[in-house]
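Across the two complexes that follow, chain A remains constant while its partner is chain B and subsequently chain C.
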Partner chain A sequence: MTTTLNNATLNNATLNGAALKETPKPIAGTASYLDDRLGAGSFLKRNLRKVFPDHWSFLLGEIALYSFIILLLTGTFLTFWFKPGMGHVVYDGPYQQLRGVTMSEAYASTLKISFEVRGGLLMRQMHHWAALLFVAGMMVHMLRVFFTGAYRKPRELNWIIGVLLLTLALAEGLTGYSLPDDLLSGAGLRITEGVAISLPLIGTYLTFFLFGGEYPGEDVIARFYSLHILLIPGILLALISAHMILMWVQKHTQMPGTGRSNTNVVGAPFYPAFMLKAGAYFLFTFTAIAGLGTFAQINPIWLFGPYTPSDISAGSQPDFYMGFLEGALRIMPAWEINFLGYTLPLSVLIPALVPMGIVMTGLALYPFLEQWVTGDRREHHIADRPRNNPHRTSIGISAVTFYGILWLLGANDEISAFFHIDLYHTTIFGRFAIILGPALAYAITYRICMGLQRKDADVMSHGVESGVIKRMPNGQYIEVHVPPAEDIADHLRGKALIPIVPGEADSEGIPPKGARSILGKARAMMSKKYGTEHIPLEEDGHGHGHAALGPGEGDHKEVH
Partner chain B sequence: MTNEQSSHEEDARVPRRVIGTPAAGTAVLGDSPPPAPAEDPAVVYPDPIAARKAERLVALLFLVTFLSGVAFIASYVIFQVGTVNSTAASNLALGGSLTLALLSLASGIVLWVRRIMPKYTLVQERHPMASGSDTREYVADTFVAGANESGFVRHKLLRRTLLLAAAPLGLAPLVLLKDLGPLPGTSLRHTVWKKGLRLVVEGTGAPIRAADFNSPGGILSVVPQGYEHDLNALAKATLILIKFRPDQFKAGTIKNWTHDGIVAYSKICTHVGCPAALYEQTTHHILCPCHQSTFDATDGARVIFGPAARPLPQLPIGVDGEGYLVAQADFDVPVGPSFWERGDAEADAREAREKAS
Partner chain C sequence: MIGTGISVNSITARRRHPLARLAVVALALGLLGGGYALFAPSNSADAAIASGKADDVAEGKSLFVAHCSSCHGMNAEGTPMGPPLVGVGAAAVDFQVSSGRMPAANPGPQMQRKPLGEWVTPEAINQLSAYIMSLGGGPQRPSAEMVDPAKGDAAKGGELFRANCIQCHNFVGAGGALTYGKYAPNLNESTPEQIYEAMVTGPQAMPVFNDSTITPEDKRNMIAYIVQMRELKDPGGFGLGRIGPVTEGLVVWIAGLSFMSLTAIWITAKKRKK
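Moving on, here comes the complex of A and B:
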């Protein structure tokens, strides 16, 4: 046993009052019972003290996880009263303004949950807020994983599971959003139908099968209901479990720092502190959702009225995660191709499929594309700082910009009304911005990454300003620089070189084997671009007493 | 009684360690020393006095949780729902107490961990994910041996008939889905409008006397009589009815299909089917609030902005014997969003009209 932290030290230090000398009987009994039957002991032996690295950004995924649990709880509650039917009923409930109005059973039962079930409105609002937090949590978690390169080998499969989870979460959101059958959710359903029917060859069949005939039909809510409460959450639950198991088995990545390497994990043990903290974090997420459900009204369906295909209210907005599709539909020019008696409605097809396709396919393929470009087949357990892989970071920010512009334009009517900008100008702006924005974001991000790398290099080679001004014998004043603190220095030293595939021609002008074809040449070129180290970290032994006031200081570090 | 498996000899040198003691990777239930959580750089113990202070704070927070939990149950009993106001009060009481209960419980636990528990980090080794080469070899050998044992490779007939057998079974679930809906047929090309069917105002169901709808710039949302609550019919048949001066119409509008400056267009947007419900009187623009496709109502609802690719179809209208507005016929093109089989229905319709005249 190599541990220096054993029972004795901890016990001695903490036992100044009543303390356990052995496992309490009920727990020991249960544990033995389980161990006798499951062999749980060896699992616990390996895992009770499993180490979890600590960093604030590692908590983002947990928001999504906990939101999902709250979604299951609140959702189950809602199913006790919700009736997924489209049959017509005349409302005679307590909400005066809708008395006598013909509506679907789905809408009537949602009103009942809101006004006649104690806590029903709270659970409905919490369910909706938890759904928003679920998707938002997944998104920020995914960005963290992307920008730190935590998707790299051996975690590519878990990354793919994550992409599937995000896609399914969008489908889960869409099907759930449509269930109350109010005017707003119906507008979303109508757009879904308009998109589905635009698909070439299969569009009409797909919509007729989905809606049980022509839109809106009498079936779609019952069908969405079974998708929403059974099929999709079932798959989500299975994939989330797989996601967690893989994370557990592969162990978490860690940020670079003192004592941390690719072959160890440094952090807090699962039991007891981490476990309790995770529990508290679940409760905080729960608090946030309960607080939002209490104090922030969401989807007040009684104000919208029952769905009818003949009406709509201005300013209809989907939930935030669908906004980018809405924005894409809005800025698309009116392109439609008719040929040989068939119609290709590009003005619907392109915005419905292309942005989602670019984002999701791009996400799914990125680990493999990066591996191909860098030729890097090693395992990576130390997270990259985003600045240290500037091209990846720039590509990520470009994608975020692409998504963000579409998302913003999904609310262009609100923007137009709020800021008094001509509505059409926002659309035209969007048509240009969607091309130029990502390019600009790429360039700016790259410069920022380079600047940050330069700053790191500066800290390592020059040290940091000490605030001490020293007068030299010749009368010159300089500020004394001191080496950076050891933990900061170790953090910076975590910068890893990005491998480059060989592509340079040899002395006889013959390129290496893999770089002769066009694809090979392109690969070698991209690899060089992706991996070239422009600003190496150089440690400087004489970092003390460097003059920081002289012009051009630091330029001598440029190395090629 | 403990849960140790005392039959293992190695346990003899490990003191009785059981679940519940803060052991650093010592054998809890296992039969050998744990995989090395190697070192502790520094264990920081809380100051006992501060810890006792923290304990009181944590206890206070847990007490708040207790009281809030009680308040939640009390709120459930006290606050009845029914009206908007009472529901709001109930929501506030239930949600507020729940939020407070969760918040103080979470805060209490965090304080407990941070102020009362010792702080330290452990180091664990990380091994490559891949199994050893001998394991891989063993698995590969076993697989090959098993495959040969099964005879799946050697017995071609077996293999092929098995694949054959699987094919229809694999298709069966797909076939079962066929009754999800009828085939589209030509249903998308028709609406319920037909000659003589009266136009009625959406909501009130009142028929419209042409002579009464006489202020230029007036607009109505209109549905077919008898279909006021048939959502399937309304999804295609809803109209927007606008009154102009007859001289305001441009070439795009078919004047024979108007009545005394009254024109009827499909309200269902040709983009993705939202109701194009907004109308701007001064510019005669119809605007769809979903994606802002804009149509010129004086010019056959021609698209002047936005993603819609086709004008809103115009319905031929006239008046019946009592002076009420009626349809002259169904639309001559499919209404609503485009679909694959639609084709250039406008061109066909134009041709048909020219032939007829």
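Moving on, here comes the complex of A and C:
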């Protein structure tokens, strides 16, 4: 079922039960009482009819949203028993292999949640899996938005909120991961300390401030706890609400297709169709998290043991979303600058700040850089197919490759142990790959995009193979091509030209105003590269839909 | 074998001495001429008596010649193919042979555990051990009581295990990578006796943990911990290899996100019949 927003007709789906032709008095009375005071009726009428396009990739962001809800619920459960203290206690709980061992209250209470609190282990595991799914969901959602150009005007602000959300999610993950005060997370905390203390000038002060003295001190868990359960989730919640409201007000982008334009939204109304789908999707998210929490063990802190600064395990890794930082640290050559008795440890500073800076700043600035390069200040509500903006897609894949290589190298010890590859070889591979990989990815992706565009152009100009072989009077055999099905053709026709800022010199050899400075010239050049249409779509002469052999009857496969 | 690097190097250096070639030729001639029977009586008789039955030593010697001498030399004096075994002790022999590492086969970066050859029986290992002990002593094999996991305190052992072993072997002994293609193996297959012997002999890249570093009693505690940990069922579901967040990340991306994508496709693809 599809409904178009601008000519939506109210159906009475809500009240079409025969028995409910007339609303019972108590309900009608209360409803109109509330309506008079809250104005909720017209608000609901307007908003329940909100149209949501249905393409599966538009649901990816909801993975993050629903995971967040589950995180709030399971997290609250955990706070009932967790003690964020670093005071020493001697364990005497049911887990044999740690009895009599001295540990922090935080670690002991996490053991208690795992082994003594009913359902505690399940909640802990669900909380952790939900955290991983939360970040993973955000990442795939963000990739979808990026590759379809859905961050373009008027949605730049929401994109920035998204980038902030991702950054905060990493901070939320790091603080949460450290709370149990186990040996594995302690390694992460140690790296955090290493990064903080390596900052020039402020490093020492910052570290002493953060840890309340010499590392590890007695304060950091309680401080991380406040951040983890109060400050960061509060900001996350506020930003997520803002994200949703903006999305609601600005409406969804949609894939190009029949009847879809920059001024409408085609899809299912929020109530009931989309709400049902969203509800179902929440249940699926819950299923995934509960299923993982039940069947797959995560963060078994009792195996790691309590944190002691002097111990460290082989295979110490952060959670996946921090893996790229770990990888950067692992492939970084041991550079440092010693100057007047001060040391600048580049081997820590560069991997800690540069990749994160490139990825997050790059993400935040991309919409504005693109606007600047293309000079495109129009509103966009129709999503681009990734192939139709080949430079954007290539830049994106190139960034994904950069991130992916660092992430992979974050696990280089496991890779080395599992596949019996010399550890140093993985490091050397990483050092080359981090430079060559993104460039290669760019070139390959660009080629693929062009190939796909060529295929589209081919479909539009020559049609698709019909499978019918025809014998010509002269004895030659040809395969009859038919125009593509209407919905496919409309989908392909959605290709939009990318604007180019003027840069060519006029007849007197004077370049236009904006393109005279060096920056202006560079901009004009980039704009030309970014926007030039190499493979225009040309439809064949006889239009569409009146060929001798029309498209087959029945349902067409939807390609969007 | 940390700490023996210097002596091995000096042996190699001596081997390069011009006279060494003469010596080798003389030795080879002697072997050809007299046969090894001539050499047998030259074993230090008191050492043999000290370490047990003289029959075992003789039997051990013949096993050694048959299976080990190609690399370790006729008198365990070492060759370019393998280090000298004088003074390595019965513990080293038992560890290496009972875990299948010796006789060595594959020339990889490090010797690996492998299935035992047919001739490798507990008795044969005893005889080989007796022979090597007769050459210059060394760490003895532990008694059954010294490695009985039931007699150890696992929690205490766990603390020592975390302090001394996990930087190479991972927190539950799942193994980990070392440099140059070497690795600390998974400890799941080691018998209590082998764990003890690994500590006292320090095979290859592993350091030696002698009795003054870790007392025999603490060794037993550690054995108790290692054995209990590998028998411990994972209360949280599948253990995912017990190697930490790497497999967890793989699971969330491969299982979690595929499931979520498939369901997304499913609920949006459903079309009403017109």
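What we mean here is this: the second predicted complex is superposed on the first by the 509 of 560 C-alpha atoms of A that agree within 3 Å, B and C clash if a C-alpha of one lies under 4 Å from a C-alpha of the other, contacts with A are read in each partner's own complex, and residues count from 1 in each chain.
By definition in this document, a residue touches a chain if its C-beta (ideal position, glycine included) is under 8 Å from a C-beta of that chain, and two chains touch if they have at least 3 such contacts.
Remember, it's a predicted structure, so these values are computed and weren't measured experimentally.
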Answer with first, second, both or neither: which of chain B and chain C does A:Val101 touch in the superposed model?
second
Once chain A of both complexes is superposed, is A:Phe320 in touch with chain B (first), chain C (second), both, or neither?
second
Touched partner set for A:Leu353, first chain B, second chain C, both or neither
neither
Between chain B and chain C, more extensive residue contact with chain A:
B
Determine, under the contact definition given at the top, whether A:Ile235 touches first (chain B), second (chain C), both, or neither.
neither
Just chain B (first), just chain C (second), both, or neither: which does A:Ser57 touch?
second
For A:Ile448 in the superposed arrangement: first (chain B), second (chain C), both or neither?
neither
Let me test your reading of the model: by the given contact rule, A:Gly305 touches which partner, first (chain B), second (chain C), both or neither?
second
Common interface residues of chain A - those touching chain B in one complex and chain C in the other
1, 54, 96, 114-115, 121, 125, 277, 280-281, 284, 294-295, 308, 310-316, 412-413, 423-424
Chain A-touching residues of chain C, taken from the complex the two chains share:
109, 153-156, 158-159, 162-163, 166-172, 174-181, 183-184, 225, 228-229, 232, 234-240, 242-246, 248-249, 251-253, 255-257, 259-261, 263-265, 267-269, 271-272
For the chain B and chain A complex, residues of the former touching the latter:
1-3, 5, 15-31, 33-41, 43, 45, 48, 76, 79-84, 87, 90-92, 94-96, 98-99, 102-103, 105-107, 109-110, 112-113, 117-118, 120-129, 177, 180-184, 187-188, 202, 221, 223, 229, 231-232, 234-236, 238, 267-268, 271-275, 277-278, 289-293, 303, 305-310, 336-344, 347
For the chain A and chain C complex, residues of the former touching the latter:
1, 54-60, 63, 96-101, 114-115, 121, 125, 128-129, 132-133, 136-137, 140, 183-184, 277, 280-281, 284-285, 288, 292, 294-300, 303-305, 308, 310-320, 323, 411-414, 416-417, 420-424, 555
